[in-house]
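The structure under discussion appears below in the form of C-alpha cells.
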Amino acid sequence: MVRPIATTRSASGVPTGRLAVWWVLASEIVIFGGLLGSYLLHRLGHPEWATYASHTNTWAGAFNTFVLLTSSLSAVLAHQAAEQGNGKKAANLLLATCGGALIFLIVKSFEWTAEIQHGYTITANGFWSFYYIAAGLHGLHVIAGAIIMLIVAADARKGKDLQRVELIGIYWHFVDLVWIFLFPLLYIAK
Amino acid sequence: MLEHYMQQGSSFASQIDGLVWMIFLMTTFWFLLVEGILFWLLWRFRARPGHKAVYLDDHAEHAFEVKWIEIPHRVILLCDVAVIIGAITVWSEVKLSAPAPDEVVRVVAQQWAWTFTHAGRDGKLDTADDIVTIDELHVQVGKTYSYELGAKDVLHSFSIPVFRLKQDAIPGRVITGWFKPTIVGEFDVQCAEICGIGHGIMPARLYVETPEAHAAWIANPTHYLAYKF
Amino acid sequence: MAETHGHEAHGHDAHGHHEEGWFVKYFWSTDHKMIAKQYLLTGMLLGAVGAYFAYVFRMQLAFPNKPVPGYGLVTGADYNALVTNHGAIMIFWVAMPVLIAAFGNFLIPLMVGCDDMVFPRLNRLSYQIFLVSALVLAASFFVQGGAFGGAWTSYPPLSAKAEYSLTDLGPTLWLAAVALEFVAFLLGGINFVTTAMNSRAPGMKAFDIPMAVWMIVIASILFMCSVGPLVAGAVMLMFDQQVGTGFFDPDRGGDPVLWQHLFWFFGHPEVYVVLLPALGFVAEIITTFSRKRLFAYRTVLYTTIGTGVLSFFVWAHHQFIAGIDPRMANVFSVTTVLISIPIAEMTFVYIATLFGGSISFRVPMLWALAFIAEFLMGGVTGIFLGASGADIYFHDTYFVVAHFHYTFFPIAIIGTFAGLTYWFPKMFGRHMNETVNKVHFWITITCFNGIFLPLFVLGAAGDHRRIFDYGNFPELSQPWMQDLRVFATVSLLIMLAVQPLFLANFFYSMFKGRKAEANPWKANTLEWQCPSPPPHGNFSPLPEVYRGPYEYSAEGRADDFWPQNSPT
Amino acid sequence: MSTPSSHSHEHGHESGGHEAHDGAHHTNYVKIWAMLLVLLGVSLAGPELGIRTVTLLTAFGIAVVKAYMVAKYFMHLNIERRFVVQLLTVCLGLMMLFFLATAPDVMKHWGMNWRNESAKNANIPEATHHAEGGEHAAAGHEVVPAHEAAPAHQAAPAHEAAPAHGAGE
C-alpha cells in the first residue's frame, strides 16, 4: 500500500501518526470519563456501595497496578530503543510489555472467577455492574493494545515503521493511566 | 398569543403566556428585520451588466462591521437579557415556588393510564375517605392544589395544556408542583413523554368544578368509567 | 456503475497505481473521492427510507386509522417505530454521513491541496463500519417484536426493559447500530482532523484555510469530544437490556435521569456537529456567487469556535421539565439563550457578505440563500424553547418538532442540495440541468414551509409529539386542527413527489450531463484548480498557496477571481 | 511472526536488566518507575491505617500524582506541542463539567420539589444470595403498605387493572 504524500506533511508541527494518537486519546478520555463519572456519581450517591466494594481483592488490584506500571516502563524503554534505531531491542521490550498485559489479564481472570463464584455477579447490584463494565472495558483496551503492540513489534524487528513504537507506547501509557484511576475507585474506596 | 389557541386555565398561565408574547414580539421583530435586509441586499446587489462587486479590505471590513454588526449585536444581547430575566422569573414562579396548598392530589402515571388520588371529604390525603379515580381528575376552581407526581414503570409526563402545566413523571421519584384552577370546565390531560405503544391512548379528563358541584361530586363520586371510550 | 463513470482517461497517477479491478475501484477503494461517493449514495438511500417513514406517519396523522397506501394500517407500535427511526435515520444515517463524511472526504484533501487522506485504509474501514451500522439498523426492523419504538433519544426504562417496550431485540439492535455509527465517525473524525491539521499545502496559513474545511474539522472535534459519555451510556444501556444490570433501573439503584444527561451531553453538540458543515458550504457558495470576499473571516471563525465551546454548556434545555432539579434549569436557560448570540453574529456576517456583491442566482446560490432564510426561522423559534418559563408549555409539542425541522431541514436537506449542486461538476465532471434543478428548488422550499408552518400553530394549540391518533383528545381533534394536519401532509406529498425529479437529473447528468471544465464557477479554492473529476492523486504537481480563499473582485485585476495557488 | 525465544514472561526486574548501556536518559525512566512503585505502596498502606478519609485522600491524591508523572515523563507531554496538552485538559474539563451538572440529579436523592424515593429504598442490599445470608433483607420490591381500605367503589376498570398502590408514594 503506497502511503499518500499527505502523510508525510506535518503543518501542525506534530508528526501525523502522533497527532492521530492524541486525537484517539482525546476521544478515549471522554469515553472513560463518562463511564467513571457515572460510577463516581453513583458511589457518592449510594454510601452503602462501600460495603459491596469491601469484597474486592485489593491485593490483586495492587499487583495489577504494579504489572501495568512495569509494562509502561518497558513501553517507554522500547520507544527509547526505537529512537536509537535499535528495532530488535524495541521489539523485545514491546514483547515484554505484551507479557505484562498477559499477566494483567491472567490475574484479572482469577480475580473475577473468585468474585463471581462468591455470587458477586454483574447483576448482583449497582456496584458490581459498574465494576465489571469499567474493568471489562479497560480489559478490552488492554487486549486491543497488546494485539497492536504485537503487530508493531513484528515490524520493528525488521526495522520498519519504528515511529509506531512510540505511538503504541503513548496509547499504552493511557491505558495504564486509566487503570491508575480505576484502582483507587474500585479497590481502595471501601 | 397563546390564549387565542388555548384558554388560560390556571393562575400562572397568564404569566407563561406573557413571557411567550414578549419573546414572540422580539423574535418577530428581529426575524422580519433580518429577512428584509437579506432580500433587499439580494435585489440591490443582483448581478447586472457593468455592475462589479466591491472589494472590502480588512480595514474597510472592520469599519463596516463596527457600524452594521456590532450595534445590532448589542441590541440582541439586550433582548437576550430581557428574555433570560423573563424566563427565570416565570420559571421561579411556576416551578421553584410552592405556595401552601389547600389540598394535595396524588398523580401516578403508568403504562397507559393515570391514577388520581383525591383527598376526599376530610381534605387530607392517605385517609380512609380518599377517592381514587382512573383517568379523571376533579378539582375545585379557585383552590390551590399541590400534586405529588410519580410513575410506576416508564417515564410519563403529566401535561394539562389549559393549565400550562407539564412535569415529567420518573419511576422511583416523587415530584411535587402546584396549580390553581381559575376557569370551570372539562379539559384534556395528555401524556407528553413517549411511554410505549399506548402513549397516544392514555388521555385523562380534568373536571374543574364550582365549589357546589365539587362538594356534590365528593359526596357521591361518579363512576369513574363514565368517560372511558 | 459503468466504466465510463467520470474517470475517462485513467491518467498516470502520482503513485503509478496498477490498474484496479472493478470491485476494488468501487467497493474496496482507498481513494477519498470514491469513499466520499460511497457515503453520499448510502446517505441518499437511507434518506429515501427516512422520507418514506415520514410519508407513512404523516398520512396516519392526516387520515387517522385508515390504511396508508404503500404501508397498510399504522398501529401505535408501528407509529412509534416509524417516528423513532425517522429521527434516528435522518440524523445519524443521512445528515452526518452526507454532510460530514461525504463532503468532508471529498473536499478536505482537495481544499487543503494534498493527494488523499492521511490514513486511506482507516478511511475505507470507517465507511465499512458505517455500512455495517446501517445494515444492523435495517435488521432491527425485521426482528421478532418489531423495530425499536422509544424515540431516537431512547430514554430508559422504556428502552431498557423489553416488557415495557414490548420489543425485545429491536432496541438492542438499534443501540448497536448507533454505537457502530459512533465508532465509524470517531475513526472518520480522526482522519479529517489530522489531514486538515497536518497535510495542508505549503504556504497555506491558518487563515488561508477555506471555511468549509474549518467547519468540518470543528464539527469533527465537537463530535469526538462529546460522543464519549454516550458510548459509555450505550454500553451500560445494552447491558441493562440484555444482561439485566440496573444502571438505569430505579428499582435497582440506577437512575433514568443519568441516561438523559449522558444522551443530551452528546445531543446538543451533535446538532452543531451537523450544522457547521452546512454553514461551511454556504460560506463557500455565497462568496463564489456574489463574487465577494467572505465578510470578517476571523469573526466567522471565532464565533464558530465560540458556538462549539458554548454548545457543551447548554444540554439540559432538553430536560427543563424532565425531572432535573428546577434550579439547574435556570443555569441552562441562561447559557441556552446566550448561545443565540454567536449564531446571530455569524448569520449577520454571512448576510453582510452579500453587501456590495454582484449576486448571480445560480442553483447552488438559491439553495445557500434559502439556507440562510430558513435557518433564521429555526434560530428565532429556538428562543421560545431556550427560555425555561416558555418551555414548560412548548416542551414535547409540535412547536418543538417545527423548530428543529426548521434547523435540521436547512442543515441536512438544503445544505446537502447546495453542496451537491455546487460540487457536482467537480465530483462527476459534468453539469446538471439548471432549469430542472430550479423547478425542484422552488417546489421543495415552498412545500417545506407548507409542512412546518402549520406545525408551529398546532404546537401552540397544545398538540403533543408522538401521539398517533388525536381522536382520543377532544381539545386536539377540532376540525381546524385536523385541516392543518392534512395541509401539512399534502405539502409533504408534493415535496416527496418532486424529489425523483432531482434524483433523475442527478443520476442522468452523472453520465450524460454536459461536460464540466475544471473551474465552472470561477472560484478560488484549490479543488477548482485541478481537473474535474480529479484524477487519482488529485493534483500534479501538488499546489502551493499564496493567498486566502476568498480574494474575489480584487482591485486592479482583469478577472474577478484570484485562485489560491496562482503565483501572480 | 517469529518471536525470539527470549520472550520474557517475568515482569519488572527482567526489563530492568535490559538497559545494559546506560545513559543519563535511561536511569531517568527507571527512577520514575521506582518512584511510581513507592507511591503505589503508600496508597496501599492507606487502608491498613483504617482512617477512611486518610485512605481516600492518599489513594486519589497519589493516583493524580502517578497520572501526572506517567503523562509527563512516559508520554513526553512535557516536550509535546502546547495544543496537545490543552486538548487533553479540555477533554478532562468537559468530564468535570458533565459531572458537576449531573450531580444535583444523580448524586443527590432529593432537591427542590422532588425526592428520589427508590434511591432510599435501594439501600436494602439486593439479593446478594451468598454466605452473609443474615445481612440481606427482603429481596426485590419491598411491598409499600398500600392504603388497603381504598373506598369500596374502586372496582377494577374495564381495561388493564390499575392496582391501588403505586411505587410513587
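Order as written gives the chain letters A, B, C and D; numbering starts at 1 within each chain.
In this text, contacts are C-beta pairs under 8 Å (C-beta built on N, C-alpha and C of every residue); 3 or more make two chains touch, one makes a residue touch a chain.
Keep in mind the model is a prediction, meaning the values are calculated, not measured.
Of the two chain pairs shown, C-D and A-C, the one joined by more C-beta contacts is A-C. Note on chain placement: the centre of chain A and the centre of chain C lie 35 Å apart, centres being C-alpha means. Mean C-alpha position of chain A lies 48 Å from that of chain B. Centre-to-centre separation of chain A and chain D, using mean CA positions: 16 Å.
Shown for chain A are the residues that touch two or more other chains, namely 12, 14, 19, 23, 26, 29-30, 33-34, 37-38, 41-42, 46, 125-126. For chain B, residues touching at least two other chains, in rising order: 95-96, 169, 171-173, 175. Listed for chain D are residues 91, 94-95, 98, 102, 106, 108, 112-114, 116, 118-119, 122, 126, 167, each touching two or more other chains.
If you check each pair of chains against the touch rule, the ones that pass are A-C, A-D, B-C, B-D, C-D.
Within the complex formed with chain C, the chain A residues making contact are 1-2, 4-7, 9-12, 14-16, 19-20, 23-24, 26-35, 37-38, 41-42, 46, 122-123, 125-126, 129-130, 133, 137.
Within the complex formed with chain D, the chain C residues making contact are 225-226, 229, 250-253, 255, 257-258, 261, 265, 312-313, 315-316, 323-328, 331-332. The touching residues of chain D, when paired with chain B in their complex, are 112-119, 147, 149-151, 153-154, 157-160, 162, 164, 166-169. Taken in their complex, chain C has these residues touching chain A: 14-15, 17, 30, 109, 114-121, 186, 189-190, 193-195, 197-200, 204, 224-233, 235-236, 239, 243-247, 252-255, 258, 262, 265, 542.
On the chain D side of its complex with chain C, the touching residues are 90-91, 94-95, 97-98, 101-102, 104-106, 108, 111-114, 116, 118-119, 121-122, 126, 140-141, 167.
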